[in-house]
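Since the structure comes first, as structure tokens, the remarks are kept for the end.
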Amino acid sequence: MTAPARPVLLTGASGALGRHLAKALAEHGWRLRLTDIVPFPDPLPAGASFVKADLNDGVALIRQAEGCGAILHFGGVSVERPFEEVLGPNLRGLYHVYEAARREGARVVFASSNHSIGFHERPTGNAERLDFDCAFRPDGYYGLSKAYGELMGRMYWDKHGIENVNLRIGSCFPKPVDRRMLSTWLSYGDLTRLVERCVLAERAGHAVIWACSDNPASYWGRDHRERLGWAPRDSAEPWRAEVEHVTADPVTERYQGGGFTAMEYSRHTPSPRDAFSLEE
Amino acid sequence: MTAPARPVLLTGASGALGRHLAKALAEHGWRLRLTDIVPFPDPLPAGASFVKADLNDGVALIRQAEGCGAILHFGGVSVERPFEEVLGPNLRGLYHVYEAARREGARVVFASSNHSIGFHERPTGNAERLDFDCAFRPDGYYGLSKAYGELMGRMYWDKHGIENVNLRIGSCFPKPVDRRMLSTWLSYGDLTRLVERCVLAERAGHAVIWACSDNPASYWGRDHRERLGWAPRDSAEPWRAEVEHVTADPVTERYQGGGFTAMEYSRHTPSPRDAFSLEE
Amino acid sequence: MTAPARPVLLTGASGALGRHLAKALAEHGWRLRLTDIVPFPDPLPAGASFVKADLNDGVALIRQAEGCGAILHFGGVSVERPFEEVLGPNLRGLYHVYEAARREGARVVFASSNHSIGFHERPTGNAERLDFDCAFRPDGYYGLSKAYGELMGRMYWDKHGIENVNLRIGSCFPKPVDRRMLSTWLSYGDLTRLVERCVLAERAGHAVIWACSDNPASYWGRDHRERLGWAPRDSAEPWRAEVEHVTADPVTERYQGGGFTAMEYSRHTPSPRDAFSLEE
Amino acid sequence: MTAPARPVLLTGASGALGRHLAKALAEHGWRLRLTDIVPFPDPLPAGASFVKADLNDGVALIRQAEGCGAILHFGGVSVERPFEEVLGPNLRGLYHVYEAARREGARVVFASSNHSIGFHERPTGNAERLDFDCAFRPDGYYGLSKAYGELMGRMYWDKHGIENVNLRIGSCFPKPVDRRMLSTWLSYGDLTRLVERCVLAERAGHAVIWACSDNPASYWGRDHRERLGWAPRDSAEPWRAEVEHVTADPVTERYQGGGFTAMEYSRHTPSPRDAFSLEE
Amino acid sequence: MTAPARPVLLTGASGALGRHLAKALAEHGWRLRLTDIVPFPDPLPAGASFVKADLNDGVALIRQAEGCGAILHFGGVSVERPFEEVLGPNLRGLYHVYEAARREGARVVFASSNHSIGFHERPTGNAERLDFDCAFRPDGYYGLSKAYGELMGRMYWDKHGIENVNLRIGSCFPKPVDRRMLSTWLSYGDLTRLVERCVLAERAGHAVIWACSDNPASYWGRDHRERLGWAPRDSAEPWRAEVEHVTADPVTERYQGGGFTAMEYSRHTPSPRDAFSLEE
Amino acid sequence: MTAPARPVLLTGASGALGRHLAKALAEHGWRLRLTDIVPFPDPLPAGASFVKADLNDGVALIRQAEGCGAILHFGGVSVERPFEEVLGPNLRGLYHVYEAARREGARVVFASSNHSIGFHERPTGNAERLDFDCAFRPDGYYGLSKAYGELMGRMYWDKHGIENVNLRIGSCFPKPVDRRMLSTWLSYGDLTRLVERCVLAERAGHAVIWACSDNPASYWGRDHRERLGWAPRDSAEPWRAEVEHVTADPVTERYQGGGFTAMEYSRHTPSPRDAFSLEE
């Protein structure tokens, strides 16, 4: 596989997906600039450098991106948290990422989430799969920040011609752990190949991708994968017997966003529950 | 006309639309709580109180909303400004408004804007009018903040059952002043009647309204006005002869958002222009 | 009258009482250092200097106090305001004033307020006048900040030996304007003489003064005025006929703090009222 | 023992007293909402939820308190620290706790401290025990924040009818460790029973409790324990032989606040000493 | 005179020197981007745009500079002020200006000041004039910020090859008003011509200029004016009779920085004086 | 050796040099006040106290310095970091240190760095050694903050008579580890003796010291060591064979600042490199 002509900046490099991508992409010869607010916990991959920085520091981020051809934006809060904790890294951070991209003419690959559309009900049949152009229906402050990021991408494309691919990531884990993930699981391998195509594809425009593996039970339909030349190779199905009995309450099982939709005084839950129980 | 059973909180009361609404609604016997970051410049209408406060102060806002049945959210930055000036009043402010509404079970009437969809091209024929469920295509940080607000309304309705009406205001001025306003103009009278229906209508759910008068040249089509029982009565057409020759450059004339779409290094403009020239 | 040996720092110099004191004390030959967050609006009195500064900037305040023998602390928010607006100037500001005083071995004269005890009921007979050692019963965030300031004075006296006089100012205006002020009024002349004694008295320790004129209708009894050698000379009584019919609602008339006790959802008021209507 | 009808919010849940209370109250069937700025270090008790949050975030705290009938406020800085470290969690935090309580009509149980009155001398005989209505004599910024909290309780009761119990905690440790604790010790068992009565007692009004065990050597006398139906069962006396020889310098032994009164340039100490040596 | 090929950004455009430069340079056909934290008070010159922004907002400043070939940095605090007021606009602001310049490969023209060397004594004879490479001897926080700016210029030249001209401005006023200005005066005309040369000169490197007119009484000698091709044309001498009797105290008359050197407890002054009396 | 008459404040006490100095000076009987933003990791030396505090909290720092005769300022960021991380501890922190020193009439010993002059080329012969009064040529934001600190010392000496010694520390490590350190190495023993002389010398004025051991390969020449009565005793030369082959790229080997000069897009490096790779 080819490495891109210019270096690639990866935010959130010290998170689970960031660490995986850093290792996998470096193995393909990519020159990576890694950044995170916490130190990089692994040995630095060949050809990679790491700078500890806060997504709130826009001038530093713009400098980190200097000369880059793509920004893989995996940084910020990645679970439901009180609004004030989401604001800085996820909303202001997006602005900094896009200003950096505009200056470089770089392409943005944004780790969006199924939680930007989490209040759509799960399909009861294959025909009802959700397409990329469905309405946003975020299921919390985290999901809202992801919808905001997709729209910022839309604006920078319309106004400044900055290309961006928005990955509505389902559940990217080593393997599925409950029935919902039979629909939403994204394997690490499929993620790697997807990110590669996002960067290497000749043109991207403003694209939206349902980032899950080739799961027969997927909730999701049309998107821009052909434009990128990507198709998933893995499937959650082999784990069906192991996990399909792992289910939750009726609310969680009704909506695509799962447990996020029932957190914190949702009208769908009969009684107050713990606000942010999905975090670590 | 009936006044609502509970008091109504109006943010941005000291702005042009806020001052008009305060006066007009008070005349109908509404009990108003007014707030703004600058003092209210007019004599206080009968039945109204005013509290100077910052939309960044959520605890104060939640307290102001206590006992209210509706929040008319007209506060915040209302033109294109650097991102950092938009962040506090428009993004954090929205969160505070919705938390207040959730606590009160109050309905939110949100002054959204056509700039949340400003990068749609203007229709060249009647058949192509844009419907409420079109994709968001914001034309700047201001427009992005309005799209964010509409999605926050979507989330609070889906998750918490908080009703909200999102007014995509065209151009609310005493009278049209250029050709674009033949399409986008909203008369003060139509605004008043619209806001009244937003509050008094029996049910609202999550609604989106194209807030312009009954202009034959309107860009916009279907929305939720029937649910509210509102229809505009005024029209920009009488001013056609006076303003239809007032046009701008090709970019401005191409997109619904007008001049906002061509500000600040837009790829649609041949050369750098002044960033924020539409303010004041 | 003698001027003190060392210069005197006056905070809040640009406010109504500050301007009066600056003029009156300078006429007695005092060397004054004036400070406020807004410019001093009058011609600078002889022997006085002015520095614009924020009470939140402690290092600057400590420097302004250098060499001073007394600090007249009249700065900060002087009406009921949302908590966040009180916090910086009134709570943090007090800490800065007392740290400055400790470094200089300077005496503090603190403009406290009757609102630190505003929830005591008004006496119905002379025998029930309130003494200085009554319990604090603040009537809002402003009153709380004043009680906090008196206790900070108590602590700096107990722990560091810093003398301080806490003036529970009633209503310091050119003349009484309602019936309550027949009890609470403090003439400008009595204020000036009181402040002079606070600075010039040989010893002060931790003192509390009911800062009102010699009003027969006063609510207040014993305090430390003998220690200072001060007695008021003026009286509100001559204005009785003019103002005694100017009364308010029953709550306001019941408590010593007057209107402050009924603001903002007080349980003593039958319906929600405007939060901060006493300002400006 | 009965559990309260509504859930109970416990701030500072990850501290020593918080962890004890969480465990003990959950065992009685209480539904607890736990919060702290650091993660809860123990397994979550049955019926309890935990949310990590900062006391500076008022909107989040108000939301956590939603539906609660009582707030046990044990959060914030619990030793003497520089003023700036006390300001946010202890002063602003109190405001947030009381605003939350006012919205819920919830009762506040506030972990006040003997350091709010620490500069009273220790009694030399039983007859001189200090009563609840003694003057505040805080011994530092920490003690000041506790006095401020008690007065905020006084204000919210007077103005808004919010009940609150202020526990002037002596020394709550597994067992006494020095002679002073023969007077000030509060056993974990007595604390638990006290907190239970604070929440379950039919009425509380504004109450002050000397929170120490039934120590014959106690410094403290009358308070509102009868109103709550609480009496301590334990006593420090059995440890007398073990600890009564553990004493300190004369200043520490003179005042009720012990070592706090002699910290940081106190005039009671002959030479400068380390400022904040009592911290962990 | 030629206009530069690329637009020129002018910070501090709303100040006295900024307004003059904006008008004068626009008249020569320069394309100017103006910015300040307060609105531009004059009609916008031809070819100029204005953006209100804060020097603390680096991302916005970097955007304003996009495409510019030079940055005239006249913004920030321009008199002695408490340190905290200098920090943001003058220290952080410089960093933002230089990062913007580095991105554009733009040349910086920095309004430094004689107060960066103000503690050098005035020469008593022509032979002792001070050369550009004298030691920095700042006379306050303002002067320190100017020395810091010159050194930042030195670093960006050494490290990044960014050219910069540092104008140690004497006293730029319509005409001299005291004896010191017979030495330090810079006419508006000489300023304009100097700035023009700074931008248009073929090469600048890291240059330092004594920015005063051709005053026979000047304190200053060698600098890099030949590299720029600039020489002053005006002189303060014609005003000698009018102003030479206008002198101050011995300290002020001894040092080049004049009154700044004697402000705020300088050891050169016998008694405490007002800290910041040179401000408006 | 004599201990100084007054206590000595040491900032940055928990860093490598701070820990060494705390131990070594305490062994000589010095009374030390230690402070750092992180806890002191060692057992507290005899006669020393420790207070955890932030250099941004000026009022706390001024209090810590109370009664001290010297401040050893070793705190703040000690490697190249993004500007925003340098600003608070290094720039604002210096102001707090000097204000504290001015109040106490204390002498400042400032841990400056060779990076304040890092862009001078290394001498190719003994005759070209750099003297203390060479021009500042900082090699990054860290080096700039050190130059700023030296100039602040210059200003406080000129204006307020505060003595200060600025140690341009080369490389203070247990032993040399590369060829550059044959020139720049400072032994721990030489550092201790230097700091002792800085405090104990009868007069210091504003002094600059090349803080390296007696290395034959030193880059540096004249300074104020005679004024202090200090001369280094150790030498890097014994390690020559072990380390002289440890060299780096040509840029690093050309300038005195070594690797710092080639970091982050330096024009001296052919391609973008990692920004802040020298940090831990």
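A few comments on the model shown:
Order of writing sets the chain letters: A, B, C, D, E and F. Residues in each chain are counted from 1.
Methods note: a residue touches a chain if its C-beta (ideal position, glycine included) is under 8 Å from a C-beta of that chain, and two chains touch if they have at least 3 such contacts.
By chain, with names taken from UniProt: A, B, C, D, E, F = NAD(P)-dependent oxidoreductase.
Everything quoted here is computed from the prediction, not taken from an experiment.
The chains touching subunit A as well as subunit E are B, F. Under the contact definition stated at the top, the chains bordering both subunit D and subunit E are A, B, C, F.
The greatest centre-to-centre distance from subunit F, using averaged C-alpha positions, is reached by B. Distance between Cα centroids is largest for the pairing of subunit C with A. Over half of the residue numbers found at the subunit E and subunit F interface occur in both copies, marking it as a same-residue contact. Looking across A-E, C-D or B-E, the pair that copies the A-F interface, with over half of its contact pairs the same by residue number, is B-E.
In terms of their C-alpha centroids, the spacing between subunit A and subunit D amounts to 45 Å.
Inter-chain centre distance (subunit B to subunit F, centres taken as mean C-alpha positions): 58 Å.
Looking at subunit C, one finds that residues 59, 63, 66, 83, 95, 265 touch two or more other chains.
The chain pairs satisfying the stated touch condition come to A-B, A-D, A-E, A-F, B-C, B-D, B-E, C-D, C-E, C-F, D-F, E-F. In the complex of the two chains, the subunit F residues touching subunit A come out as 82-84, 264-265, 272-277, 279. Interface of subunit E with subunit F (complex): residues 83, 87, 91-92, 95, 102, 119, 133, 135-141, 143-144, 147-148, 151-152, 154-155, 158-161, 261, 265-268.
Against subunit D, the residues of subunit B that register as touching in their complex are 58-59, 62-63, 66, 95-96, 99, 103. Only residues 7, 33, 49-54, 57, 59-60, 63-64, 66-67 of subunit C touch subunit E when the two sit together in their complex.
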